[in-house]
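Going in written order, the chains are labelled A, B, C and D, and every chain counts its residues from 1.
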Amino acid sequence: MNRSELIQYFRHVRKVSEDICAPLETEDYVVQPVEDVSPPKWHLGHTTWFYEALFLDKYIPDYKPYHPTYSFLFNSYYQSLGDRWERPRRGVLSRPTVEEVYKFRQAVSERMGDLIDNISEKEWPEFHDLVILALNHEQQHQELLLTDIKYILAVNPLQPLYRKSGEKGKPATPAVKTSYVPFEGGMHRIGFQGNGFCYDNELPEHDSYVNHFKLANRLVTNAEYLEFMKEGGYKDFRHWLSDGWDTVQREKWEAPLHWKKLDNKWYEMTLGGWRKAVSDSPVCHVSYFEAEAFASWAGKRLPTEDEWEAAARLSRANQSPGNFFDDGFLHPLAAAATGKSKIFQLLGDVWEWTSSAYLPYPGYRQAAGALGEYNGKFMINQMVLRGGSCATSRDHARISYRNFFQPDKRWQFTGFRLADELK
Amino acid sequence: MNRSELIQYFRHVRKVSEDICAPLETEDYVVQPVEDVSPPKWHLGHTTWFYEALFLDKYIPDYKPYHPTYSFLFNSYYQSLGDRWERPRRGVLSRPTVEEVYKFRQAVSERMGDLIDNISEKEWPEFHDLVILALNHEQQHQELLLTDIKYILAVNPLQPLYRKSGEKGKPATPAVKTSYVPFEGGMHRIGFQGNGFCYDNELPEHDSYVNHFKLANRLVTNAEYLEFMKEGGYKDFRHWLSDGWDTVQREKWEAPLHWKKLDNKWYEMTLGGWRKAVSDSPVCHVSYFEAEAFASWAGKRLPTEDEWEAAARLSRANQSPGNFFDDGFLHPLAAAATGKSKIFQLLGDVWEWTSSAYLPYPGYRQAAGALGEYNGKFMINQMVLRGGSCATSRDHARISYRNFFQPDKRWQFTGFRLADELK
Amino acid sequence: MNRSELIQYFRHVRKVSEDICAPLETEDYVVQPVEDVSPPKWHLGHTTWFYEALFLDKYIPDYKPYHPTYSFLFNSYYQSLGDRWERPRRGVLSRPTVEEVYKFRQAVSERMGDLIDNISEKEWPEFHDLVILALNHEQQHQELLLTDIKYILAVNPLQPLYRKSGEKGKPATPAVKTSYVPFEGGMHRIGFQGNGFCYDNELPEHDSYVNHFKLANRLVTNAEYLEFMKEGGYKDFRHWLSDGWDTVQREKWEAPLHWKKLDNKWYEMTLGGWRKAVSDSPVCHVSYFEAEAFASWAGKRLPTEDEWEAAARLSRANQSPGNFFDDGFLHPLAAAATGKSKIFQLLGDVWEWTSSAYLPYPGYRQAAGALGEYNGKFMINQMVLRGGSCATSRDHARISYRNFFQPDKRWQFTGFRLADELK
Amino acid sequence: MNRSELIQYFRHVRKVSEDICAPLETEDYVVQPVEDVSPPKWHLGHTTWFYEALFLDKYIPDYKPYHPTYSFLFNSYYQSLGDRWERPRRGVLSRPTVEEVYKFRQAVSERMGDLIDNISEKEWPEFHDLVILALNHEQQHQELLLTDIKYILAVNPLQPLYRKSGEKGKPATPAVKTSYVPFEGGMHRIGFQGNGFCYDNELPEHDSYVNHFKLANRLVTNAEYLEFMKEGGYKDFRHWLSDGWDTVQREKWEAPLHWKKLDNKWYEMTLGGWRKAVSDSPVCHVSYFEAEAFASWAGKRLPTEDEWEAAARLSRANQSPGNFFDDGFLHPLAAAATGKSKIFQLLGDVWEWTSSAYLPYPGYRQAAGALGEYNGKFMINQMVLRGGSCATSRDHARISYRNFFQPDKRWQFTGFRLADELK
């Protein structure tokens, strides 16, 4: 991008974060119902501090921080960037107020605008790429904002609404029938292969050998998942990984997160409110443990991330994308047969759990300094998710994107698709 | 009181709660930094629900609760009055908003006003006494509001102020010199002996035999407590009860709560901000464990509650009271020699830890129903405090008043005075 | 005692500890099923270390400890006597072996025998009194040995026996009918008043004013307690202290410790094995919370320790004692009407929970040094028990004896007797 | 094997378990210092119960269990085989005694001997394979016995010895110099490829594409690891995975397990006692976190399991094996240059952490029933280790063997070897 494009894009991304928070009451910005969920005002502050720490501090001589304590409050986990307020206690801080955080945002955005305008030609290339990274970082927090807000509202017995409608705007469509699409095995090129931005964990591009396999043409639906539940899926240890079964017992799981039973019917919470679980919608807010147990119960398996990526490339997934943040539904939609595509929703709707552990690609080396802490240090005990969700910005998603969470997490828009051997 | 007096008093008490919260930002009403500390909006809601549960529900036929979920949210610990939201998670609720809570207050206050006006003559006497209890209940929460707000602000690295000044308004006075006032032993009448309101735990009035004893003429000061600290008080197990020593180790205590060391000087937080620990001010925010350890180090002891009460009666403590909420300092003041009194601050300034466990008086029987849950069920593992504090309303304090907390608690305005044998 | 009497008594007490352990398998000496319960070999070692630390180290010039690490392993909680192995991990130590502990016992006993023989006349008086204290200390651990062994066997699904019979040897006697014995109020002399040994917590002797009261002539029986259980005692919060109710919920209590239900009948474990809960036997292994809840349900209360002591003195409790360790039953027996007594079992059978917190007597001062840590530092959050139990040596019990445990503890032989006002 | 060979092998394996325990005191069999470490008598019982549950119960009509409660006590984690005593509380069971467990072993071994003799020809093939599996199972527990015994002795302040000597018997040899052996990338055949026994997790045999890579010719040594420690390896977050760094902080790690510092020298515990950390010995008792941090500090990486397996096949690792249980040293030895080999210790000495998560091979399907619980349900949040250790029986190790532990575990004989890209 050139300078004016970058400024425009910068302003756009900054605005999206604030648009997401627009429906909130001041009080909603403050609370942290569980450790995973950060207060929205923390996200707004953290994504602002990120520019201060990586740009203003670095490119503006004698830059004086907007507030001497904000770095301490809004640093997430960057050991290189100083001490931090402990994560599980983000929700005990009433100050800075929401208004102060917005002022902080504005001040930093203005300085960033100046910097984009005025940075020297020599520094521009590195600076440009770093800004793109920082905007991608903010986009990741936009998705977290949506899922954290959802959690904050869901936990409240008053059942507050985020907004009146949501996916309801779209006429209900029946999901396409399940079928399995065969893919040829062999050597596949894996990892980011374009010119634009990608995270370091998508590199280096490399060869990977994949067996023949079949991949479901769409995501597993609520109706299919309800079948698993009805057949006692949450009560039969045989379907579960040992740690998964322990989690089911300890947490007393009997349905996806944000589901509840009323009068013997299951309801799911959307950002537009509670509604009866829509049969043809992709099941959402399930953990890896649940996805894996379902697959085991169904006699199938989850795809590896290499299978998923190979299939996505071969089927030109980005030509028939699913539902993104930009579409405004904020909930996964039923996969409608569209165009000539044989396989649906690889991009959008829900992040898809794969059976691959989040580990470095062959030849990966962690960057030095703070950016090295971005991805590499989390490469243990997490599973890879692919494809982006209804809360992901369309321009943030790509086929090579590797998202990752611990196998018990389920507050993100996470679902799954089945795979099988091709004999 | 007659009806119009009661209405006036009701409005006064209700207003005090709101006045206390006036300096807060919306965000300050929401958080719960530790389990003991409730969000201010919870206090405002709880003290309102209390009238709904005990009056509106009972005296208004077919009364429909202001909101069907508020009883669940604002019931504290009354098993008789239905299920409750769990206490340690009060701080995860963003809704109802602060504004909604104030509307709830107003609506209930109006209905209460009507009720006070219109309740039948027959019901009046019981109703009147119950309203007085409920107002005392709200006054207790006013003190908690102040200490919880103090905690919420103190925990915040931004060091927000509750208000600009506080005790500073008063010219610094040197504390009177310590001396010990002798009291004759013998039979003393203990418990509430007047006609007005008291809690059930102050009854029945009864005889108690007390040995000869001496009681310090004033509270232990910061200067005296600093001496204990300097001599390694927090580092020497010999002064401490076993459970107290464990607490010191586990919590890494090395000073009272809300103290911090800067450049080798100790500072204490007041509701008017941080300041150097004032030598002649009573030490405040200490636990029973600390009070007891200090006494042990000093070769003295804490008084029993009977000794304290006998001394307070004999010395007419209410004729030379200390500093109450009404005085507006919101921090204990140095005991200045005033009038003919020989013993100071028995009432006001800080709650005084006694060496008495909180147990029923001889002949005490717990009331039936919800009111029986008010005091009696807490009569275990707590110690009695006497005298009221700078955060207690003057008309809420009295000589027979028994406050009680676990021996490790120190977020209230708690201090102590020494006693000794009179040989 | 003179020297030869003391040696004989010393040998007797030492032997009792070993006799108690005689029925054990080596493995039984090692385990620690919960923090409260110490491995029997630890008790044997600790009671031996006690003589090393207080006598051999002190009275024998250049005494070289039997083993350099044993003080670290066998010190319980004496901060004055050096570092300690942490209590909750006593059960992870396989060494020293049981045989090595017995050798340690023997070696120390021999040195103690020599010392009793040879200590100078000048040192004798202080030495003598300290030995008596140490023997009382060992007797306390004998009771703990019995209750810890019982717990270790009870927790084991193989239901091992301590010994084949127990109380069964005694013909079953019906309990006397309950009645309440009236006692005059007034000034009573409380505390140890004799010449022999007592603990420091029984001093100083002092006056206490007690109201008129009534005391049940016997302990509450299993039959009476079963009535409480049948009427939903464990399911109705109204009977319970708040902390007690929390404990009931958390621990899922529905009967005394060491009880279980089979075919709708309740069984209790004795050191002679499991048997149907004997109706007329005193209920045993109940906590203060349970005793207090029963009293509340029954419309009565527990006695204060002063009431208990006054009643015991007035009724000459030691002339009609209950069942002690020396009687060999190791389980409380039904109170049979014997002699001219009007009130039974004040001494022996079970420790009786009183409604008094464990606090210092007026004028009590903690001793300096290690002995000061014996009792005084535990004077918080515990309740007083009186009278001794079927696991207490007869010569260890006395009317002024103050035992103490936290209100949730119930692995000791603890029961209770009701009291009431005398109007 | 034929029947007599199988009986002989069965007896051999059974005897090894008992030989391992021969040096123990009875008390050593009982304790469980941490959840991971089971009491040795539990291992002896569990490996015996395994034959009862899988053979005697199944092949002997109307088989009556040796003891009705032993299945409850000795089942480890087989949900299919009934309820279990909870794992963290194995160390609170004094019974069955060690002697009773040995009797149980003998009785079951005899019945197994009869069964091997008498099972029908028709059942023989399946039976034979299952017995081989069960013997491999017992061999796995033999390794756990050694590491659990080591832990039990190490935790004890008395520093008991397992045996007087150990690796000391072998003349100290300098380790070969480090060098990196290059390996060609390309398609490699991975997984078990022989005719004998393997676990289901080594199947199916499959192709895998591996890049060119280099592998260290020997394990990382104590001297090299000490260098990492000296350079502040445990104090610099930059080397560590985020979860690893949290573990270092929480557990206060500053050296491998079973190391301690005396007079500024590091000592390591062996089963023959404590000794100064031998420079040329492979570092041992390190977690994945530590191995990964060391590699990061060294600018290298750990090998993937496919790289390791490819290298082991290509270099004929089993022709120059390291030190196994059968060699009797029970501690890793320095890699001495032997024969023509270019790469050492791939088999034996220590289990080698790989950078591969423990996940199913392509096409893996979990078996039905209890055997399905053997491996498959643990395929999450664990890392693969390869090669066997000085505590592994030689006939239990093989190139395709996949061991697995959580990344924070380090009580096994675990070490590592470095790898690097081959550019």
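Just so it is clear, a residue touches a chain if its C-beta (ideal position, glycine included) is under 8 Å from a C-beta of that chain, and two chains touch if they have at least 3 such contacts.
Note that the coordinates shown come from a computational prediction; the quantities given were computed from them, not determined experimentally.
In terms of the stated touch criterion, chain A and chain D have no partners in common. Between the contact lists of chain C and chain D, the overlap is empty. Remark: chain B and chain C have CA centroids separated by 38 Å (rounded to whole angstrom). Between chain A and chain B the centroid-to-centroid distance comes to 48 Å (mean Cα coordinates, whole Å).
Separating the CA-averaged centres of chain B and chain D is a span of 60 Å.
Looking at chain A, no residue sits in touch with two or more other chains. Under the contact rule defined at the top, the touching pairs of chains are A-B, A-D, B-C, C-D.
Here chain B touches chain C in the complex through residues 77, 79-80, 187, 206-209, 211, 237-238, 240-245, 288-289, 292, 296, 304, 355-357, 359-360, 362-363, 366, 372-373, 377-381, 407, 421, going by the rule given at the top.
Across the complex, chain C meets chain D through its residues 25-33, 69, 72-73, 85, 89, 91-98, 152-153, 155-158, 160.
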